[in-house]
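Across the two complexes that follow, chain A remains constant while its partner is chain B and subsequently chain C.
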Partner chain A sequence: MGSRYEIRLGGSGGQGIILMGIILAEAVGIYDGKWVAQTQSYGPEARGGSSKSEVIVSDEEIDYPKAMKPDLLLAMNQKSCDEFYPDLKPDGILIVDSTFVTQVPTPRAYQIPFTRIAREKFKREVVANIIALGALSQLSPIVSARAIEEAVLKRVPKGTERLNREALRAGIAAARKAKREMAKVEISSENPGEDLFDSY
Partner chain B sequence: MLLQGNEAIAEGALRAGCRFFAGYPITPATEISEVLSVRLPQVDGTFIQMEDEIASLGAVIGASLAGVKAMTATSGPGFSLMQENLGFAIIAEIPCVIVNVMRGGPSTGLPTFPAQGDVMQARWGTHGDHPIIVLSASTVRECYDMTIRAFNLSERFRIPVILLIDEVVAHMREKVIFFEDEKIEIFNRIKPTMPPEWYIPYEDTPSGVPPMANFGEGYRYHVTGLTHDIRGFPTSRPDEIGPFIARLHRKISSHFSEIQMAEFFLTDDAEMTIIAYGCVARSARRAVIEAREKGHRVGLLKLMTLWPFMRNAVERVLQTAKVLLVPEMNMGQISREVKRVNQGVAKVLTLNKVDGTIITPSEILSRLEEAL
Partner chain C sequence: MGSRYEIRLGGSGGQGIILMGIILAEAVGIYDGKWVAQTQSYGPEARGGSSKSEVIVSDEEIDYPKAMKPDLLLAMNQKSCDEFYPDLKPDGILIVDSTFVTQVPTPRAYQIPFTRIAREKFKREVVANIIALGALSQLSPIVSARAIEEAVLKRVPKGTERLNREALRAGIAAARKAKREMAKVEISSENPGEDLFDSY
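Take a look at the complex of A and B:
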């Protein structure tokens, strides 16, 4: 049980939540060589309903295939953030698409505007999930950027490889920036150094 | 490789030699059609999308009579429509495989949510007193293996075999390892060896399974849904009806050991045994591990053959168990069978959930702890 790592991805139908789960499972299971199980849960609507995908990673064969206490939650809309945050492990990682998630439940959330980056940088909203996967590879120890890239390129339609590779890179860059900002937040709130007082 | 349960069913069917699929796509079984629509033409097989589920099973029966291993896949609403032809395949003894990926019901119910509500329907959905074989699976690898097994049993016993899967397992993707040198047994129906004019299509044999001639190979015989004599023509003679119906049952009941399959996990010393199948067996396994860590002697009996019901497996766990727990995503269908076998020996607890979500390990654990 100790080696079990649970990931939950939430959003609305059409955001590519389930594809994200499949790519992630493939990256971890095939390219990084761990046991993996991916499940999904969605409404009957083609677009707009709630969509959830879960990926369980383990060093041993997986029995229960769903997340009990996720180690990582990626929320692509406000509803999934509100609904799933209480399940997250106390020291779990929360990543949100700040395009849609405007109220975060904790200051420790990584807030990255995946959909806005997709719109502004790529003029293609559909790559928001791939940008998010790029970010996830930086913010979580569970998957390597190399494995994610191989898995993405295997799953996306032919002719979109460049677009998707660039989307991944944009996600990686955005995550690094978010990490640096988080580091600043943590130092200022928990450990105000002396120079900080001196500046007053 | 990373494979989905439904994809594994499609690949297992191909491995078993299935070369005909007729179906009407329905969530959560659609991926089976989707994969086979691409894969069957690649192996010179036939894929047909039919106008509905009644016709789908009709086409499958026709293909099988012509000698091709055939299957269809559906979910509850489609399975209801198939009941009439299912009975036809049973009485005419036509091998075929029907996959039912269970969703919440009744009626259109919950297309995308899991349930295990069709266990009794799979047993008794078609009318008349009849035998049936129903298998289940709880991992992606088992989806592959049990599909092959479904074909083998249906060819061996000339009976429709139902593979009863739930949405969780069907839509789950897991890492599956296939070894190149894996030995997989494939059974093909026994064909007549005598010349066509000597062929008696429904004549009794020691196993109860008559050889089956392919249509179009010179063996002319009559196929009907009416109760028939050994030549396949309708009969109303009690001395023909009785032995025929008895043979239909005997060919299954005298081969339980070949048909029935279960997995025993830490049951040898278990004072409490969980009896589960499908996705719930996975939750149960996790619950057993956690209960053992707390020092409770708990085991799991995972049923892989649902029908004919595995009386002997339940009797085996009853040798040590004082409590049996049957968690199911229905209001209690297998638990009734367990109670029937139990005859008051142990305490039989149920855990029923019908809200469209899987039973969790902690729900099973807390039910167990209530009984401690």
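Take a look at the complex of A and C:
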């Protein structure tokens, strides 16, 4: 079995989760040249407004296209964070939209306010998913910013290319900032200082 | 195990196969209230321009989301017809875009020129996939025209609703015509007349 990398994207209906999965899969599959399977499931519960999309990347053809233990979880709302975090691999990457996810299950989560950036910087909440894709290109080892950009520009409506390119860049910048903040968390947890002693 | 219905859509890149899968899955899953899994796979071969999308419908939650023996195959080009027809169930439904599929493997195929209708009636080749969805609502037992229409209108760009609604209707009309033609084929094969005797 070749190396396999599993990504799950979760959020509420209207957050553009399915388009995000399609774009991510195309970026990896067509531009980065791996095997990719991309799945969404709908059930009677989907009418409640939940949305889930999965992308599996492999060096070889994929027989089972569902995520078993995701390597990366992007949670765009609290419900999907709560529901899917337990499935994440122990060393998996958690990215949350901190506009909506206020309770993170681990301090090792990348917390980025995708929707707030979309509202404040672009006055268009609808680009939150594209900002998130920009961030994902920085926080996961699986896809390059360039491949994501090509795939985004292929899928978004004509006339919105510039907006979407800028949204991607905003996501890339936000992810770099989140990485620096994470580095600080890691340094402080390696040097826990007084707090740890206090808890004994 | 509940009843399971497998649909495979195939064509070349740019024919809108993936959007078709998304819309069909949303129509069945959200509006018709079944469990649905929708998958596309990309491999290194996708750069050659082939596109495949699958929709699995079930009365219960779907564990394995890939089609094993499709109940319905929609082939938008010759290559996908040749490649996927052998997987079709013996009594499965084959629908082809006869603009591009000129060699059908069975007389029991529904042959509808989706792309030619798109060009001639709408001057927009890009709606061929929506015309095909309209046809599918008439030729498969799995989804209603109404659910398809709701799902289409949710996914297409703003300002194109009327065009897409008319494309759906053109597909519905073309499918009804194809059904009548198929009925003639079936009657003539039940009453083969002289031809059969000649072959002995």
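Everything that follows uses one rule, which is that the second predicted complex is superposed on the first by the 182 of 200 C-alpha atoms of A that agree within 3 Å, B and C clash if a C-alpha of one lies under 4 Å from a C-alpha of the other, contacts with A are read in each partner's own complex, and residues count from 1 in each chain.
In this section, a contact is a pair of C-beta atoms (placed from the backbone, for glycine too) under 8 Å apart; a residue touches a chain by one contact, two chains touch by 3 or more.
Since the model is a prediction, treat every value here as computed from it, not as a measurement.
**Student:** Where does A:Ile22 make contact in the superposed view: on chain B (first), on chain C (second), on both, or on neither?
**Tutor:** In the superposition, A:Ile22 contacts both chain B and chain C.
**Student:** Just to be sure I read the superposition right, which of the two partners does A:Gln78 touch: chain B = first, chain C = second, or both, or neither?
**Tutor:** neither
**Student:** Of the two partner chains, chain B (first) and chain C (second), which one does A:Pro157 touch, if any: first, second, both, or neither?
**Tutor:** Once the two structures are laid over each other on A, A:Pro157 reaches chain C alone.
**Student:** Quick one: chain B or chain C, who's touching more of chain A?
**Tutor:** C
**Student:** Would you check which partner chain A:Ala37 touches, where first means chain B only, second means chain C only, and both and neither mean what they say?
**Tutor:** The answer is both, since A:Ala37 touches chain B and chain C.
**Student:** In the overlaid three-chain picture, which partner chain does A:Ser98 touch, first (chain B) or second (chain C), both, or neither?
**Tutor:** A:Ser98: touches no partner chain.
**Student:** Between chain B (first) and chain C (second), which does A:Met68 come into contact with in this model arrangement: first, second, both, or neither?
**Tutor:** A:Met68: touches chain B, not chain C.
**Student:** Take the contacts of chain A with chain B and those with chain C, and give the residues found in both.
**Tutor:** After superposing on chain A, chain A residues 22, 25-26, 29-30, 35-44, 62-66 contact both chain B and chain C.
**Student:** Of all residues in chain B, which touch chain A in the complex?
**Tutor:** 1-2, 27, 111-113, 168, 171-175, 279, 282-283, 285-286, 289-290, 358, 360-362
**Student:** Flag every residue of chain A that touches chain B in the complex, lowest number first.
**Tutor:** 1, 22, 25-26, 29-30, 35-44, 62-66, 68
**Student:** Can you check the complex and tell me which residues of chain C touch chain A?
**Tutor:** 18, 22, 25-26, 28-30, 33-44, 46-47, 61-66, 157
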